[in-house]
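Next up, some structures in structure tokens.
What follows is a pair of complexes built around subunit A, which joins subunit B in one and subunit C in the other.
Let's turn to the complex of A and B:
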């Protein structure tokens, strides 16, 4: 096993994840924590929170299918072992975000219909581009699509959500902190493992860059439609957060320069898109892939 | 954790197939066995032929665990429901963990170039079994893949590992004891999932019979080879072969 891959062993994963930051958690948060009344009692916020959580489940289901599907295509035991831990991480994310839907009042019998109703079609297309590569057993494109593009997007989205809810929803903020720690590890593996494979197979660059461009397009389209739908809920959330702040609650944070207490949906869409795309450029550059700017959706 | 058997059926299935349940089940013995075995156990004094036989045996266990890893991961995509997907994800990590600790044990025995050595010592029947199992997976054949993987392969490993533990050096025995605990959970999932399907759609029994008939010779041949390496007397081997068939039968697949 090469040196860096030994850092991605199951032994290390066991010590850092289930026996580390997940110890004493239940569905990713401290036992007993609940969704706040300001979400559960406000129909506008509740509907928007369910819609947002649906996108998280859809994204994590894609990540579960991709990481498990890539195990057979992995060229060595160490990569298979890492992808096995990632598979379980993604399954856990599916489980905890699904549990959140139940906590928000979605009935178990209505889970699939709720997902089908609210899944963003652009996010579904994003997933299809990736899973097509996985189905072909294309390890290089699959890992770039999964561990750089999908995980890079998820990482920034989770960070933004965590900043937005940290003062008002400790349960969800805790859930997100565990997933962010997982995503950081996944992105690290993608950069480390694929860099050497791209060097060995430079002929694969063009195909991988085409996939990245296509995925980035569907990602931006997803952000656009999500923020367009969330306008009234964001305003409602900001109004309630300000009221809670007056009662001693923590003030909403800033995220990448955006004041979450006052930012409009358009501003937040711009900040999130810029943040994710900048990350893509840096991470793709590290593995020898040239970032391709997608068309504006 | 309270006894999950007290829960209503659907809640029970959600519970036992969850990440949370997996974590509670494995946390104890994983913590006690960094790299798969109790670090305080001292290496036994193996002679050259014993060491070589153990290396060959562990190489074939690694082939079996790789097959299980590749199959269980490939099955997630077409598993029929969320709880099956999540259970299989826990099985994926179990299988990868088994592979990792087997490779670690091989390195403790002085093996370098692990991937090449494992391939060079692979039993042909086991490789043929692996190939057929992955064909079921590639064909998204849920019943056949689950039967071959969680009933036949897991039962074979369960029987062989149990026989080996009785004769193994202390470190290998401790490692296999941990692995056996996981195999029980995997067999339970296969039994439960296929049992329900057989009850709902009895016609799949004929298909599974055909799968078993095709795979049994490969399993029994692998069995024979491995038991010889492990040091099981020739006279005892048919009994252990019957034990494997009986464990499949106990799962409801006498077929």
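Let's turn to the complex of A and C:
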């Protein structure tokens, strides 16, 4: 077994994560940090923030189901141990984003109905393609779908969100940086473990490529409907961030060349889609999978 | 050994290299004694020093106390990848994943 697998121990995870960057956090951020009035007091922004957070919970619930489901399909013990730590990471992500919904005013009794009302149907389809592989116990397709496609997408989305809120919402920026740190391990496992497995099982490539194409299609459809819904809120957020900047708050950063302070929803959708697809191509290429371009949704 | 440079081409080669003093940049995603060996990447305009290489998997900058050269094997602790340093576009050092 390759040496890198020895890093996938519970001890390693304990030292870097709960005893490391998560020490002294509450629901992923510093105790006492709250959502800014900028969001809470503005109905358009609040509704949009809730809608965005719902997609994060839906995505993380899928990651939780996938990583836990893959434990029993894993061919070796080090992978099982790693997936056990990932399962806890994903359960934590579900919890912290759910807590954010509560912080935004969603009542606990209305959680499931809020999720059902706002979950993007394309994101639900994206999850279904992956979970079908997991349910069949297909380890290779499951890990590519989860740790490369889903995580690759999450990685870019979290980075973009973090760049957008870094100046105006330290609580959420904090929550995201712990999540990004977790995702680094998850993408690392995906590439390293599957890179060697694909070499041993080249006959699985076609099947995995088909799944990736389907998932990419549903992902692009998710982005396009999300940004179409967020148009007015994005502009309102930009106006308010500019006003806050006048009061000393930091200006939102640039992300992959897009100026987050002025970009239109269409521009942001374009930049995000391009970034994620480019990442897919490179990541899949490294493990010997040829990226398949999906039809435009 | 704590330095991410695991395997220079030869011990003599390693000794002849420029040394670097690393400061803690606040990167907290690995246990304390390893923190100075990694830093956050600032995007495409972030110029890397001669002892630094970007992890293509998790986009963290890996830093060694020695200058890095093509052929070196380095370890990225944040994503647990083993990498080989190579020369990329424009002569910039790049890391390739060693499966």
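The rule is simple: the second predicted complex is superposed on the first by the 295 of 297 C-alpha atoms of A that agree within 3 Å, B and C clash if a C-alpha of one lies under 4 Å from a C-alpha of the other, contacts with A are read in each partner's own complex, and residues count from 1 in each chain.
Note that in this section a contact is a pair of C-beta atoms (placed from the backbone, for glycine too) under 8 Å apart; a residue touches a chain by one contact, two chains touch by 3 or more.
Quick caveat: nothing in here was measured; it's all calculated off a predicted structure.
When the two structures are aligned on the shared chain, A:168 is found in touch with neither subunit B nor subunit C.
When both complexes are overlaid on chain A, the residue A:18 reaches subunit B alone and has no touch with subunit C. When both complexes are overlaid on chain A, the residue A:191 reaches subunit C alone and has no touch with subunit B. When the shared chain is aligned, subunit C comes close enough to touch A:181, but subunit B does not. When both complexes are overlaid on chain A, the residue A:65 reaches subunit B alone and has no touch with subunit C. In the superposition on chain A, A:9 makes contact with subunit B only, not with subunit C. In the superposition on chain A, A:241 contacts neither subunit B nor subunit C. The interface of subunit A with subunit B overlaps its interface with subunit C at residues 19.
Those residues of subunit A lying in contact with subunit C across their complex are 2-4, 7-8, 15-16, 19-21, 181, 184-185, 187-189, 191-192, 195-196, 199, 256, 282-283, 286-287.
Contact residues of subunit C toward subunit A in the complex are 28-32, 43, 56-58, 60, 76-82, 97, 99. For subunit A in complex with subunit B, the touching residues are 1, 9-11, 14, 18-19, 22, 26-27, 64-65, 68-69, 71-72, 76-77, 80-81, 83-85, 87-88, 90-92, 94-95, 98, 111. Touching subunit A in their complex are the following residues of subunit B: 18-20, 23, 27, 30-31, 34-35, 66, 69-70, 73-74, 76-77, 82, 85-86, 88-90, 92-93, 95-97, 99-100, 103, 114-115, 134.
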